[in-house]
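Everything on this sheet refers to the single structure shown next.
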Amino acid sequence: MTEILKVHGLRKAFGGVVVANGIDFSLSAGAMHCLIGPNGAGKSSFFRLLLGEHTPDAGTITFDGSDITGLRSFQRIRRGISVKFQVPGIFKALSVRQNLEVAFQEHRHGQSLSATVREMLDFTDLRGEDKTPAGILSHGQQQWLEIAMAVGVEPKLLLLDEPTAGMSPDETRKTGEMLHDLNSRGITILAVEHDMAFVEQIARRVTVLHFGSIFAEGTIAEIIDHPGVQEIYLGAADD
Amino acid sequence: MTRNRPTLAGLMAGAAMALVAGAPAFAQEGPIRIGVLEDQSGDFAAATMVKVHAIELAAKEINDAGGIDGRPVELVVYDTQSDNRRYQEFMRRVLQSDKVDVVFAGFSSASREAYRPIVNQFDGLAFYNNQYEGGVCDNNMIVTGAVPEQQFSTLIPWMMEEYGPNVYTLAADYNFGQISAEWVRQIVEENGGTMVGEEFIPLGVSQFGQTIQNIQATEADFVVTLLVGAAQASYYEQASSASVGLPMASSVNVGQGYEHKRFTPPSLANMFVTTNYIEEIDTPASKDFVERFHAMFPDEPYINQEAANSYIAMNLYKQMVERAGTTDHDAIRAVLAEGDVCFDGPSGNVCLDPKSQHMSHTIYLAKVNDDHSISFPKVWEDIKPYWLGEAGCDLTKNDPSAQYTPSSPPPAQ
Amino acid sequence: MALFQSVFAMLYQFGDTFAFLVISCAGLAVIFGMMGVINLAHGEFIMCGAYVTASAARGGLPLPLAILTGALVAGAVGMVVERLVIRHLYQRPLDSIIATWGISLIATQGVLIVLGSTMQGIGTPLGSIDVGGRSYSLYRLVLMACALGLLGGLYLLFYHSRFGVIARATIQKPQMAYALGVNTGRMYGLTFGLGAALAGLAGGLYAPTMTMVPTMGATFIVESFVTVVVGGADIFVGAAPAAAILALIKAGLTAWYGQLFGQIGLLVTVILVIRILPGGLSGWLKGTTR
Amino acid sequence: MTISKTSSGSRARTFLTRLEGPQTMGRGPAFWIAVTVAAAAAAAYPLIADAWTVGNAAYFLIWTFMAMGLSVIWGYAGVLSFGQTAFFGLAGYAYGVITLNLGAAYGLTILALVLAVVIGGLFALVIGYFMFYGRIQGVFIGIVTLSVTLVLETFMAQTAGPQWRIGEARLNGFNGMSGMPPLTLPWFGGDIVLYPGPSLYYLLLGLVVVSYLGLRIMLNSRFGNVLVAIRENPHRVAMLGYDVRLYQTLAFAIGGAFAALSGALYTAWGQYITPSSMGLTSAALPIVWVAVGGRRDITATLIGTIIVLAGFQMLTIYGSQYALIVMGGLLLVTVLVAPQGLVVGAMTLLGRIFRRGKS
């Protein structure tokens, strides 16, 4: 399998706080991968570095065969990286339909915008809500809407920051199905997640981040059995 | 402290006056309508409320005496809010909709320039009753305010003789200040003096620390202050507290914004101003005028030169209409061209100059004493607005409708 | 002697401008820095302080007490305004700009109608001193001292008093403060009141040196905005150095190129600073010292 | 952008369908009948009104462009500009300088009008580039734009001297530049000079209708979609692959060009322009019109601006010095009671009543 994302020696510090301490990481195309780690391990900062919201002090990011380290956020998105944030980043005052239109109007798979929107309404189970202002949807629905929007840019790689935060078990399960569906359409998925049950549902491989470095990597079973991982989680819990 | 009356009351007063005075046998033609556009609110209100009152006083007196040529006078008053746009809106309104016979309008030069194209377009007739930087050569305008040659050709030589030849000019950085400063410079040089400094202050500046030092660094014998607006007026207080102690000469203070009444003594002490009228003038005509004014407007804080100009302008207009037998503008200009339209009013005898349609004045030198009382060390009679005519403006021959300055005079004929 | 004279003259000009900037911006800076509200009625609070000071002084109160009265009245008015208007707009900063501008219109024109177009001044106290053949107003030296005192006082208030600690906590983490039992509404009211009182103090301090008109606040407003913006959100880290730098720029440009360039220089500086240091001086200083 | 393979006819149809959309209030036959009636009434107005009233109405129309431009920037793109008057004033002076140098023959005043709008728009583009690419955000945009307009005002106010001239045109400082010709249309058998009156009124009415419909189409297009999305959540928009700065800069330039159109028309209307038209009070006026009408809707802005302008003029005539107090009060009421704008509030209410009446 080809590598879709390759990170080499990524470093970033704010004053004395090191959030990325020489991260080497790679992801093969078509993967479903989870990133875990205790609070403050640098997961969100790693995402921000991938998205170009932080400029790294050192290191390179290669995406889909080309170096994107110097690109601005929107340019990376256009290359095929997309993101869904932990707090739903939707346009609350706009209708569900408008939210989808803004996301899809530049990228469509050869069909009309309204057909695309209809398809995504089906996908997110939001049929009949297309005129509802997005801000009054339930929390779970907002999360799904944002996932749908993130798909709008036709990403090769989808970054998800705690996609199930605040969801009911039922919604969580449905989200997992959605992600499998997207993955089967060829989208590589990299998710930050705390809910280990959910991690088990979606991830084939897991990377553990600790103090801005890769601490361990392996299948979910390997990671759960890894003594060091248990230690850092327990250690973190003591704080 | 002034207490502004709402314009509505002014409007109604004017209308009511016309109605009451209309009772005697007026001619059949109906009233003569006079548009009044003055700033009754906004930045300039302090100096311009009194102009409206002066016009109302003149209208009442004219109506009481049987009107103009038997026709009553009716005032159409709008508040222009010290806003140039309001002048544009309301000048259009009085000329096009209210169809007034004549307009009395404007305090700042900017407001005059805002409405002048409109007066020209509708071929109206407007009186501008303000002291200003001079140079308007326009057939549709009659100017009763004093101009620099009248105020500076008297003031500067007298000051130089009295205090010395070294002059420092402090002027507001806009048309009035720059052009007036140009006049001062020219007159100082003609009289063998030296400009030891010249400084221009943007409008709205209220802190003068550096300026005060600059003045002290020179050997100035006196300072010509051509400052404008409430913010710039802070100079006097600040200069006084820094004990600058130099005599000041001005064409714009006291006579217009009665700073000597508003500021705490002695910040304006030793200020010399040439003005064509202020209420302290001690002639019988002036005293009578002040008395009549206060009978009608007991709360009036101060009767300034613009009030007198407005009052005089009303009477000049009455005279011209009566001599022409009509309110037609060409007929009025024909009367004006005869060169003997004069009026002996509160400020002495004044006459309109046919070439420039500006007015001659008696110029009073007002001195502000330590306690801010006023004395008059010198009076010049019959000072003519000579410059425009000499420079080549002759409205009896052609009408360029332009404003000239000494550095951009009328094109040679 | 000539050297001493010109050095003193330069220092005096610098100090004079510095004092003007610090005193006129303090109220705006507190309200903006602590609450994120841009108060376009700042100038009118200054005018309020100046009018009350002048009236009190002419009513026989000694000047320092009159100035204090002016500040207190402006502060009280500020708290009322906060309660009636500003409180409803914390979530809408752009709307609070509009609302405070509306208040400023009403205040300016209302004062014009009720009190007339001018008010008699009270005259500058203390006279002048002679340094190297030139005379300087003593009162302006007092103003410079006041500016330094003001900076020190605010520092003590916000960093070494209970009010300051609670106020900063409330502003940074309102929910947290609320959960800890702080009456956040009252804290906002007090902070806005303090800002208004500082504006009133500026009016009171400068009342003796200026023409008293309803629009007098406008002559402060550009300078105070410029200082706050250049300083950035943290007034203690930013405002003092901002005032110092701006005073240097303004006094320098005014001395060498005249008042026009002093004015324009200030406005250009603010544009450049915003462009280069979006967080203002305080953001920049904090960024480098961490 | 992807171009779909559609015939030009259907493209024109999609174009026209954008006259309606989520970004603009009013849809369906009832609304368009109302619009047509309003336009027809406006067109018939000079037949019943006297010359001054028509000229005065034309004067109100002049300001609506600046208001609609601000609505695009502030209401739709979410950026509060306090300095629209900078573009207004610059274009006003540009019109003056160009016409004073070129004269009014051969329709050159129309060229001057176009050039003035281009100059104003380009200036806005530069300022916008400077701000948005410099990561200036939120209230700071207001401060920078205000500073820009105040710098221009301060500078222009001191250009009274004879050295300040561009060709034949004296800038003439604080007192303002005057003497420029009004708009003049070349016509067979003699130019038509558009003094304030019916002819100018019709020209302006036409411009308002075209601008209004054009802006509706733009706002309901993809561009408009992105603008409102930026207003709601610029971060998310960037994360959908849009260059937010570019969109903001373009919106700002468009708004600036509309302000410039107002400025050039104003100068042609009164044959006069002053620095004070770039001052603090002037700068705040467009914000009042737009806020009171309803900034987030172009129709509300248009209606609101005309109502507020006419209302304040009436207040000045009959209420005199209370006008400014009422203006301030109106702002407070709007912000506190109807933050979406009084006209939008009224329209929503009407719509609700109408719908209830139908069902």
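Should a chain be cited, it is by its letter among A, B, C and D, assigned in written order, with residues numbered from 1 in that chain.
Throughout what follows, a contact is a pair of C-beta atoms (placed from the backbone, for glycine too) under 8 Å apart; a residue touches a chain by one contact, two chains touch by 3 or more.
Only a predicted model underlies this, so the values are computations on that prediction, with no experimental measurement involved.
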Contact-connected components, subunit B excluded, all else fixed in place: one piece
Taking the mean of all protein CA atoms as the centre, name the chain whose own CA mean is closest to it. D
Taking the mean of the C-alpha atoms as each chain's centre, how many Å separate subunit B from subunit D? 38
Between subunit A and subunit B, what distance separates the C-alpha centroids? Give it in angstrom. 75
Subunit A and subunit C have mean C-alpha positions lying a whole-number Å distance apart equal to 47
What residues in subunit D touch two or more of the other chains? 154, 158, 321-322, 324
Would you give the residues of subunit B that are in contact with at least 2 other chains, written as numbers and ranges? 4, 41, 173, 200, 202
Inside the complex, what are the residues of subunit A that reach subunit D? 51, 72-74, 77-78, 82-83, 85, 89-95, 97-99, 101-103, 105-108, 112, 149-150, 152-153
Spell out the residues on subunit D that touch subunit C in their complex, using ranges where they run on. 74, 80, 130-131, 134-140, 142-144, 147-148, 150-151, 154-155, 158, 280, 284, 287, 291, 321-322, 324-325, 327-332, 334-336, 339
As the complex stands, subunit B meets subunit C at residues 1-4, 41, 43, 45-46, 49, 173, 199-202, 204-207, 209-211, 213, 216-217, 230-231, 233-234, 237-238, 240-245, 262-265, 267, 301
Over in the complex, which subunit C residues touch subunit B? Could you list them? 9, 12-13, 16-17, 20, 109, 112-113, 115-124, 126-128, 134-140, 208-211, 213, 215-216, 218-219, 251, 254-255, 258-260, 262-263
Taking the touch rule as given, give the residues of subunit D at its contact with subunit A in the complex, in rising order. 1-2, 4, 22, 222, 225-226, 228-229, 232-233, 235-244
